[in-house]
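Presented sequentially are two complexes of subunit A, the first with subunit B as partner and the second with subunit C.
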Partner chain A sequence: MNQIAVKEAPRSLKIRILRHNPHDPGSSPHLQTFELEEAESMTLFIALNEIRQTMDPSLQFDFVCRAGICGSCGMIINGRPGLACRTLTRNLPECITLAPLPAFELIGDLSVNTGKWMRGMSEHLETWVHQRDQDKADIDRLEERMEPDLAEKIYELERCIECGCCIAACGTARMREDFVGAVGLNQITRFRLDPRDERSDADFYSLVGDESGVFGCMTLLGCEDYCPKDLPLAAQIAFLRRRMAATGS
Partner chain B sequence: MPKALSAWPARIDLLQSLSGLLLVLFIWAHMFFESSILLGEDAMYQVSRMFEGEPLFGKPYPLLVSAVGITVFVLVAVHAILALRKFPSSSRQYRQLHRHMGAIRHPDTALWYAQVITGFCLFFLVPTHLYTVITQPENIGPYASSDRVWSERFWIVYALLLLTVHVHAAIGVYRLAMKWYAPSGVNATRNRARLKLAMWCILGFFIVLGTASLLTYMRIGYQHADRAGERYVPAALHTEDS
Partner chain C sequence: MQIIYTDVLVVGAGLAGQRAAIGAKRRGHDTIVLSLVPAKRSHSAAAQGGMQASLGNCLGASGDNEDIHFADTVRGSDWGADQEVVRMFTHTAPKGIRELAAWGVPWNRVQRGKHEITVDGKKQTVEESDAAHGLITSRNFGGTRKWRACFVSDGTGHAMLYTMSNQAIAAGIPVHERMEALALIHEGERCCGAIVRNLQSGELLAYVAKATCIATGGYGRIYRVSTNAVINEGMGAAIALETGIASLGNMEAIQFHPTAIVPAGILVTEGCRGDGGLLLDGAGHRFMPDYEPQKMELASRDVVSRRMEQHIAAGHGVQGRFGEHLWLDIRLLGKAHIERNLREVKEICHYFLGIDPVNDLIPVRPAQHYSMGGVRTDHRGQSPQLRGLFAAGESACWDIHGFNRLGGNSVAETVVAGMIVGDSMADFCDSQEGALQISTALVEEFGRRERQRLVAISSGTGGENAFELTRLMQDTMTASVGIFRHGERLREAVDTLQGLQRRAANITLRSSAPGANPELVAAYRLKRMLKLAQCTAFGALQRTESRGAHYRADYPQRNDREWLRRTLASWPDADATLPTLEYEALDIMGMELPPGWRGYGDRDYIAHPDTERRQHEIDAVLAGLGETADRYRRQQALMPFEHLLPTHLRKRNQRVGDEL
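Presenting the complex of A and B:
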């Protein structure tokens, strides 16, 4: 006899959110619990939108792409960093605690200013292609061809969406504010690979050859384990460490 | 664009890893030599005489053991000083770290913290052991060592040392591999899991080996307690005497 599939009753989720508005002098950090019914294939992003639309329009959180590409919705989910849009509620217990990513300036509730941090890191590490006589470059000229294998390697590292999860997962970055983190070190390995960038290893050493750079990394591996894009961060940092150690010593 | 380059950060990082690796290799070799007691008192006697240079010079020179002890002490000191710079250095850093660890419950961060704690314990335990080795090198042998373990109550130090040094060493080797040659490619996750499994197996092996040796020294020390201070004479010499 054919079994009739019986759908289980949807779970009632209790979502506790760390609320705080640093721009409001009367605000103090506190947890607020929202209850909602779990839907099929519900992500945290959908749940948060439902809360904002039906329960509390003042709830602040960021999103743009809803597809794990923009890196805006990074937050702490039950103690661990992750992207709200890529986290299915069915993989979480009924009680879910959300907090903003630490190490970044708090805008309000779950919204943090990762852009400010990333820009500071980018300016510090000069994460752009450096060429001699850059000012005289002919921008109408076609770029030199690149081997597909090399382009693939660069693209693999370029997949970083700068969501900030690696910084939030890194004990070193949490202790030492000047540490550039896996996101910064990954950028350096990316530009080091790029044949259009004319910087030498000595130039890169001057940027990351100290305790705020690659030699500050304590190999805690939180970056590798919580990167939502599964970037090979540990291998990249190990490679950079070997190159920089050979350059510096 | 480039700042003035300092080679020191690179050198210090290399030296910390290299000193740690040398110390791990030393402690693992040390475990095999000290556990020779499991093969019998004669075997341990031969090993201790070997390290005093008897096979090479015709008679034992305990000072050679002191020299090795001093070398190890210097290596430990260098490694400790370099590792200290990675310890949290303020109450704010400790607070941040504990809050982070409590929330994230990340296994590899916990492994590093286990190294911080065992490393701190080793600041006290290693000098205690090395002081005896350096100042009394002649008192290493089946009876002399067993008397120290049992009659002088050194088994407490050695039990703590056994646990802390092997936890520190096994985690250290795994982290050293990840630090300099983290697996890459499609099998990176599988290879990292294998590295970690190897770490636990090595740790288990040396804890079992060390515990068996320590218990043997304790048994011999207990049986020899009423004659503590007497030195071991190999069975072959007994036969020659009689």
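Presenting the complex of A and C:
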């Protein structure tokens, strides 16, 4: 049961990494190749740590949960954005090229500042439940009821982990620095669906009713193709665009 | 060195830290949160299965209340918990979850009508009432008598952390990301902030604060095999220890979770078993009922993990490519249930194991999971030794978990402790004690000391490798300070760790990269982790009994007579290789629930003479109250606790059918 055929001889992986340390005046972007022996069940998390621990201790990258939950380790893996921690090397060819996610500020090597970008997006789109007198909610009493299906629908959109893959895969985001991207638009649809949020479509229109918002999307669908959580981003954006177009007209 | 002034400094941006920050900010105090990583990437996000709160909404939860949650938690702790604090906690948990419901967490809700559930390997049909429809539902978890773990599919921590983070953003609380506190600034026994390293630029800066809160989570990464995130290196607890003044409580109390996948060590939630999943051995036999006829797969985690290892040792494991393991079987729950309520589990199985748990068995083995120990605090979350220092969540020993935490009580603690500690810090800042007089010369002195330490590491020529020493520490902890502990092995571990401490003084860095320099980070963290590891190993060696997750094969009984005490570790001499251990007695005569059998696990323990005396006293008090006294009066007569809570958290919790 669950036996995966043991390979004859381990492969020798060639991992080519786009390197640059902006804090080092002598550094310029370059590709560096590391060779290491593939191990059973090796992920890019394991491979990159092995490189750092045994070959180049200055290599920068970000992992936190290493379980595909926290969204820290988005990077470009052989040309496509993805989560490195849950990418098994056995699903990749021997030559693996890694680059930092574009569209975010580079911290160093494979580490980018998605946190700053996401916080800015959250502040701009006000990604929280807006409710008058929220502070006065009586937490001693029974909670407000919610239809079970609706709660599940909200969670479906809340599964986004803000990893930045949709931004890296987005044509508009590469051209417009102020584009809120699928991650931002998805959050608007999440709060729009939530009856606890008292904002109207007119309020949402003021946040995303322009080209930095829902009308900037060119429907290239890279966001949905590379979303590690398989969120229905294209449908959400299309739906939001119709609502916003109706609101704005 | 840049100095940043604030009223409240919170170190750590997980659920506990952010909730405490929101509380302090709401009371009008400037609050800054520091975080190693973006706030929403904190390890709270990895909590899967649920948050314990005795709402009692769904059928499996009906009749639940604070009293039952209290008793379950105390039994789970193997009587190591502070019972007054457990009362504060179980009383506030329903408020915490309702606050989060109002703030936006999409808790799963009760659906009226008939449902199929899986209990003890069999399908049953239950019918939920109209009265509960739309209220927050809950699932079964280990060591509890009611279905009390409220959940959002199996992404509970994620949903909670996103809502909490968004509320912190709404409140305008700055989170200074990629910042690491290297030392607490303190003047004698007064904490005044922290020296902090920018993990992007490598610069040092100082934060001066009236109140400082450690909320940095656990220290699981001192172990080789852990479900913890790689950032869970216990640095908050370590810098508290390094003051030489603050103490850490029960550092030897380490939880091993029964179901980490093999070999990655990634957690799959206890909700798998709570929802009806089974543990099978190499022969496909369901073995837990053989050992634990009462609770079976749903005994507390310490008990289940021990039984699993015992079963493997008896030769019933599965021999896999990565060593021995057992199976977790959730196939019987069905595809629809798994894809709805266990979707993270399905994803983890898909990506890391290449299997589908709808059809396949999941290879599991216990792995380090939770740190019951941490910065010792009083009931309001303040260090008894270092004024102005607070702690909340996993990094604290507040102490609701004693020697074993129940599943779902961790995220519940983060939120509840955050609510209470946020208020405590605000009270402290408002009080005369909160006034801060500190010279910038002292701040600079602390900064200089940290800079010198970094320079000493960077210029070291002893030839030792930080990554290698870290690995040796982790291997030692996993091999010798694990689920089954023995005096001889623990003594060896203490010696090995002392050797590693000496070697860690001789590290040579191979990289002098400007900026963060990950090798330098590994080197300075290693020195601190070794101290935490030593507190754990040495504390385990000294504790010659078995209690909760601390199991001594050479002292297999719980020994209330001699060990109903909390370990307090401090490190007054910076050059020492061992902590100073002191012990704080738990007073049975003040307990609402005197020690006894937990209802699962071994029945065999050495009783304390006070236990019988206290039980007689309790019986007399309750008899004196008569039959008409309600549960609140009975509880009040045994161990009053409301006065310990902030006034706005003292009211009773309403449940379905209750008048308020």
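Basically, the second predicted complex is superposed on the first by the 231 of 249 C-alpha atoms of A that agree within 3 Å, B and C clash if a C-alpha of one lies under 4 Å from a C-alpha of the other, contacts with A are read in each partner's own complex, and residues count from 1 in each chain.
As a working rule, contacts are C-beta pairs under 8 Å (C-beta built on N, C-alpha and C of every residue); 3 or more make two chains touch, one makes a residue touch a chain.
Source: prediction; values computed, not measured.
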Superposed partners subunit B and subunit C on subunit A - clash or fit: fit
Partner chain in contact with A:Glu143 - subunit B first, subunit C second, else both or neither: second
First, second, both or neither for A:Glu126, with subunit B first and subunit C second: both
Partner chain(s) touched by A:Val180 [first = subunit B, second = subunit C, both, neither]: neither
Subunit B versus subunit C as contact partner of A:Leu48, first or second or both or neither: neither
Partner chain in contact with A:Gln60 - subunit B first, subunit C second, else both or neither: second
Most subunit A residues touched (candidates subunit B, subunit C): C
Vertex subunit A; arms to subunit B and subunit C (CA centroids, nearest 10 degrees): 160
First (subunit B), second (subunit C), both or neither touched by A:Gly71: second
First, second, both or neither for A:Arg241, with subunit B first and subunit C second: first
Three-chain overlay, closest Cα atoms of subunit B and subunit C, distance in Å: 12
Where subunit A meets both subunit C and subunit B, residue numbers: 126
Touching residues on subunit A, where the partner in the complex is subunit B: 76, 79-81, 102, 126, 130, 169, 171, 174-176, 202-203, 205-206, 209-211, 215, 217-222, 224-226, 232, 234-235, 237-239, 241-242, 244-245, 247-249
Subunit C residues touching subunit A - in the complex, by the definition given at the top: 26, 37-43, 45-46, 55, 94-99, 101-104, 106-111, 133-137, 152-153, 155, 158-159, 162-163, 166-167, 169-170, 175, 177-178, 200-202, 229-231, 263-264, 266-267, 321-322, 340, 344, 347-348, 351-355, 360-361, 363, 467-468, 509-511, 513-519, 522, 651-656, 660
Residue numbers on subunit B that touch subunit A, as the complex places them: 1-7, 9-14, 85-86, 88, 93, 96-97, 100-106, 108-109, 112, 175, 178-184, 188, 192
List of subunit A residues in touch with subunit C within their complex: 1-2, 4, 6, 21-24, 40-41, 43, 52-54, 56-60, 62-72, 86, 88, 107-108, 113-116, 118-119, 122-123, 126-129, 131, 134-135, 137, 139-148, 151-152, 154-155, 158-159, 161-162, 191, 194, 196-197
